[in-house]
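Chains here go by letter, A, B, C, D and E, matching the order in which they are written, and residues are numbered from 1 within each.
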Amino acid sequence: QATDTLAKVKAQGKIVMGVRESSAPLSFTLGDGKFTGYHVELCERIIKAIAPAAKIEYTPVTSANRIPLVQNGTVDIECGSTTNNAARQKDVTFALTTYVTEVRTAVKKSSGISSIAQLNGRSVATTTGTTSVALLRKNERATGVDFKEVYGKDHADSFLLLESGRADAFVMDDNILAGLIAGSKTPGDYAIVGETLNVEPIAIMIRKDDPAMKKAVDDQIRGMMKSGDLDKLYTKWFMQPIPPKNTSVNLAMGSVMKGLIANPADKPAEDYNAKK
Amino acid sequence: MIEINNISKWYGPVQVLTDCSVKINKGDVVVVCGPSGSGKSTLIKTVNALEPVQKGEIIVDGTVVTDPKTDLPKVRSRVGMVFQHFELFPHLSVTENLTIAQIKVLGRSPDEAKTRGLKMLDRVGLMAHKDKFPGQLSGGQQQRVAIARALSMDPVVMLFDEPTSALDPEMVGEVLDVMVTLAKEGMTMMVVTHEMGFARKVASRVIFIDVGGKILEDCSKDEFFSHPENRQARTKDFLNKILQH
Amino acid sequence: MIEINNISKWYGPVQVLTDCSVKINKGDVVVVCGPSGSGKSTLIKTVNALEPVQKGEIIVDGTVVTDPKTDLPKVRSRVGMVFQHFELFPHLSVTENLTIAQIKVLGRSPDEAKTRGLKMLDRVGLMAHKDKFPGQLSGGQQQRVAIARALSMDPVVMLFDEPTSALDPEMVGEVLDVMVTLAKEGMTMMVVTHEMGFARKVASRVIFIDVGGKILEDCSKDEFFSHPENRQARTKDFLNKILQH
Amino acid sequence: MALDWQVFCLDTLDKEPVKGCFGSGKDITYLDWLLQAWGQTVIVAAGALIVALVVGSIIGVMRTLPDSPILTRVGNWWVELFRNIPLLVQIFLWYHVMPFIIPAFAGMPKLALVIMGLGLFTSARIAEQVRAGIQALPRGQRYAGMAMGFTTAQYYRYVLLPMAYRIIIPPLTSESMNIFKNSSVAFAVSVTELTFFAQQAGEETSKGIEIYMGVTALYIISAFTINRIMAFIEKRARVPGFVSNTTGGGGH
Amino acid sequence: MDFSFFTWEVFRAFVLHGLYFSLALTAVATLGGIVFGTLLALMRLSGIKLLVLPATIYVNGMRSIPLLMVLLWFFLLVPIVIGRPIGAEWSAVITFIAFEAAYFSEIMRAGIQSIARGQVFAGQALGMTYGQNMRLVILPQAFRNMIPILLTQTIILFQDTSLVYIITANDLLHGFSTAGSNLSHPREAYILAAVFYFVICFSLSWIVKRVQMKVAIIR
């Protein structure tokens, strides 16, 4: 059945924004029920434009529950770090891609690991409920590299696995890896290495079958891309020091993302990665 | 006052009362004795329908209690009952134990209930303990409170189920004294007990039940104690055992 | 055989035994009575050190049981004890109850233990029940098994703590009968009981303890029962109460 | 609401239905995966149960020993420590913190850590039950054992423990069922058991309801099986003629 | 190990709300659980098949599924059933009441059954109706006898609030773990969480012991 989020938001005077607690710099908490990040700020701007009267209610979501939450109506707009892929498009709708991440591998510099092949027989961490889990399985099959997966219940936990040596590598979106490394006690000890396992468009998620909402959000994004606001926002969150520790993630915009700003699109991840 | 007509009762396949009939007139004191498990407790509980029977009829003060249409709480409120293990309500003070049923069942005002309850408490000689909790009293004292509780409902008949068998030997006396006084004042009583001294003193009739719930004897006290030669073998055997030491 | 010399015992601040002394010779049957809570059970338990004492000395068959260096299990294996609530081991059959301590403590062979145990079981008249479990026996039967269990350890003395007070009136007799026989055969016995009939029949001495664990009387049976005028007021009062009904 | 049970027959990689619902080799279906996850749940629960029974019995007995104030104290503190911290936090401590403090832990497989964490957590509760079981026996039983000349170890072995264990079979039953359920927190430290499966497969397939139903059914089957096993043990251990009355309790 | 990051400011910003939520959830779920649990217990003891059967299925069903699964179920299903979203915290409240009711009902059932049959007879013999007997005689005693177990269950419940992380409700543990990961002292945060829980639960169980002694004396 068709849903009309905009009408619902109008009627209730509030909009529920799904946010992440530790997906810096896209979406994370400062404690005290405050959330911030690249996508959070982006969403705040969009909402201000499309539903100026609505009060924003922040609801933290996890990798595992964000889709059901959007589906069942708990969350109206999810501003975390969700990969737009074909499977998910069956259940939800994605706005225009606003960030492109490459799935890569974080390791301790001291381990000397520099490619996936070296992970043979080692433990590899990733986070329960993310696309990386399936990705790892696929990669394992395709390359014949055999590694032990260990799963963190969230990104912070997965990073802790790497830090404490329970895992030799942590496979995840590069921005998240960079964010976690930047926020760690000893950022200099870690490196992001190896080939790109996948290129994934990250986008704001809304309910399926709601063309009005989709159009309203996309129009705002398109406008910000044109005006250069999105570039500024990107620089603010990825190139400059950010809270809570005032360190910088330092992740310059890649070519794919630059292309998307020139030609906005909402294609799923499958379209960016040649079938293996 | 009480008419028990040919009742039988089974627990599952086991028959615990077999065709029992007893008639108790106003002012009678009937003592019931018999070996353990013979059904004495069961018999006395059927009188105010605490245990249902499968066969027969029981009439208490004109009301057929075995009739499913009878308002049982009403009948029970007019029959006082005293249990082997006292069964005071441990979460209520002595005074509250005495008044709660008067207030909630008979609808008396709290003041009226208290006056009546304390009068009965005085009668069993425990006025000094009115604000204590049951757990703070000795067994003998608890049993006397239980008797006062039953009396404060103004019962037409009192049922006692081995009221002294859970007591220390020293305390048996104080409870029997209260019961003897009651009997002498003309209260109708049905008493399950092994205290043959009590039976000798005040019983008008003695009933002996054997295992399986069969009434073997039902005769006057004098007949029961003075003419053992007329008793059945089972009864003699039992009396020998309990009177021996 | 048993010498209790000036023992005192406290539970926290409460004194439960006060300077008690008792001497029991071989073949003596000593009956201990007194009101509830007076310390009768405590006194009898100190004899085989089931309860420690803070002051005084107890010597059983030449061994000082109050000495911390004493091998208590060894002393205890030579003292038979029978409890108010029988305390058979419910998970073991009657025969196993009779043999386990013989095998594990005395080191007898299973066959030997069984022969000895069944002999004692026969003596208390329960041979037919040797394969049953305690829960399948009546109270009187359980207590008789408990006596047989104690006897099969070949004790030099038997301690009884109110062995009949948890029994139905009918079953008191069968247990007392066994005890009377034992006494008559010359077993040294210390018996806490209120059964004055038993005391009259076989006691050599009667001891009366009052609350606080003070021994008020310690005299021969005849003196105790035949000359009440020589007894203390407290003793007379107690005897009146338990003999009244 | 139409349920799509087909989801269990999908291959976990390409999401194509597999004939017969079971994959082969490394090409597993969600059904295969579900059963593997169940296996993990069973391993964690059974392992933890053994740890809990052994440790819990020792601690429980320690707390009832006469004249051993130190052992009693140690036992009491053990119980307080392990039952006053949430299981989840304890598991995190074993997993993330202990290896940092005691390097030897770093080498332990995560399954062993989880089994130990869950086992020790439950040992506190079993110790409590063993203690309660021993104390529920009439005081006279201990005296009777002593009076027969048994040493302390002997009367525990031959008199107290056989009855104490029988008495606590009902609470042990619920504790065994609890351990099965509590094994679900193992997923927080990446044991790929049923709850992990529910989360991950629910996410991958977007068929949460069907997946959850499958997982829930397996939990119920597991609980029921434990219950039957314990009922069987209770029946085998029943003492003829003995009636006990135990009060039930809570716990998860 | 370096605990200096854990300042009052961090406590206030990250942990305080979680502490409040965990305590509130515990209180609400205990009250709700006892009320519904008692009803379920009465249903199961009523002897009326129509009441016994559903109550039994509910209680046994709930008791054989992990709380984590029940949380997931309610979180996923309740919005679909009532057609309206509810937040994680409300979802947790509903789940906990529904879940704990099953456990409290077992406690109350045991409590009611632990009352000697003689007490039931005594109430009846005084002419009380079934309702009066329950209300005036049996339930007060059942509650009193079960207070220690009810409180112990409450402590377990409080610990179980840590499981709401699975639906990202913001509880005490969650507060510590976000503080830990965002301020890069995750290990210290877990230790602090353990200490916090221990102090709270230990104090509560100490109170339970006091209460137990009191109850034992009145009895």
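Simple rule for what comes next: contacts are C-beta pairs under 8 Å (C-beta built on N, C-alpha and C of every residue); 3 or more make two chains touch, one makes a residue touch a chain.
Just so we're on the same page, UniProt names per chain: B, C = ATP-binding cassette domain-containing protein; D = ABC transporter permease subunit; E = Glutamate/aspartate import permease protein GltK.
Values in this document were obtained by computation on a predicted structure and should not be read as measured data.
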Shortest contact path, chain A to chain E, counted in steps: 1
Given chain B and chain D, the chains that contact each of them: C, E
Comparison of D-E and B-E (more C-beta pairs in contact): D-E
Longest centre-to-centre distance from chain E, chain (CA-based): C
Chain centre separation in whole Å, for chain E relative to chain B (CA means): 45
Chain centre separation (chain D, chain E; CA means) in Å: 20
Geometric centre distance via CA averages, chain D-chain A, whole Å: 37
Chain centre separation (chain C, chain D; CA means) in Å: 46
Interface hub residues of chain A, defined as touching at least two other chains: 64, 68, 153, 157, 160
Residues of chain E touching at least two other chains: 76, 80, 165-166, 186-187
Residue list for chain B, restricted to those that touch at least two other chains: none
Chains touching one another, given as label pairs in label order: A-D, A-E, B-C, B-E, C-D, D-E
Chain B - residues contacting chain C, complex: 35-36, 165, 168-170, 172-173, 176, 194-195, 197-198, 238, 241-242, 244-245
Touching residues (chain side chain E, partner chain A) in the complex: 10, 12-14, 17, 75-76, 79-80, 84-88, 165-168, 170, 177-187
Residues on chain A engaged by chain D in the complex (per definition of touch): 63-64, 67-68, 87-88, 90-91, 125, 128-129, 133-134, 137-138, 141, 149-153, 157, 160-161, 164-166
Complex contact set, residues of chain A against chain E: 16, 21-22, 24, 28-33, 57, 59-62, 64-65, 68-69, 72-75, 153-154, 156-157, 159-160, 183-185, 244-245
Chain D residues within the chain E interface of the complex: 1, 80-81, 83-90, 92-93, 96-97, 100, 174, 177, 180-185, 187-188, 195, 198-199, 208-209, 212, 215-216, 219-220, 222-224, 245, 247-252
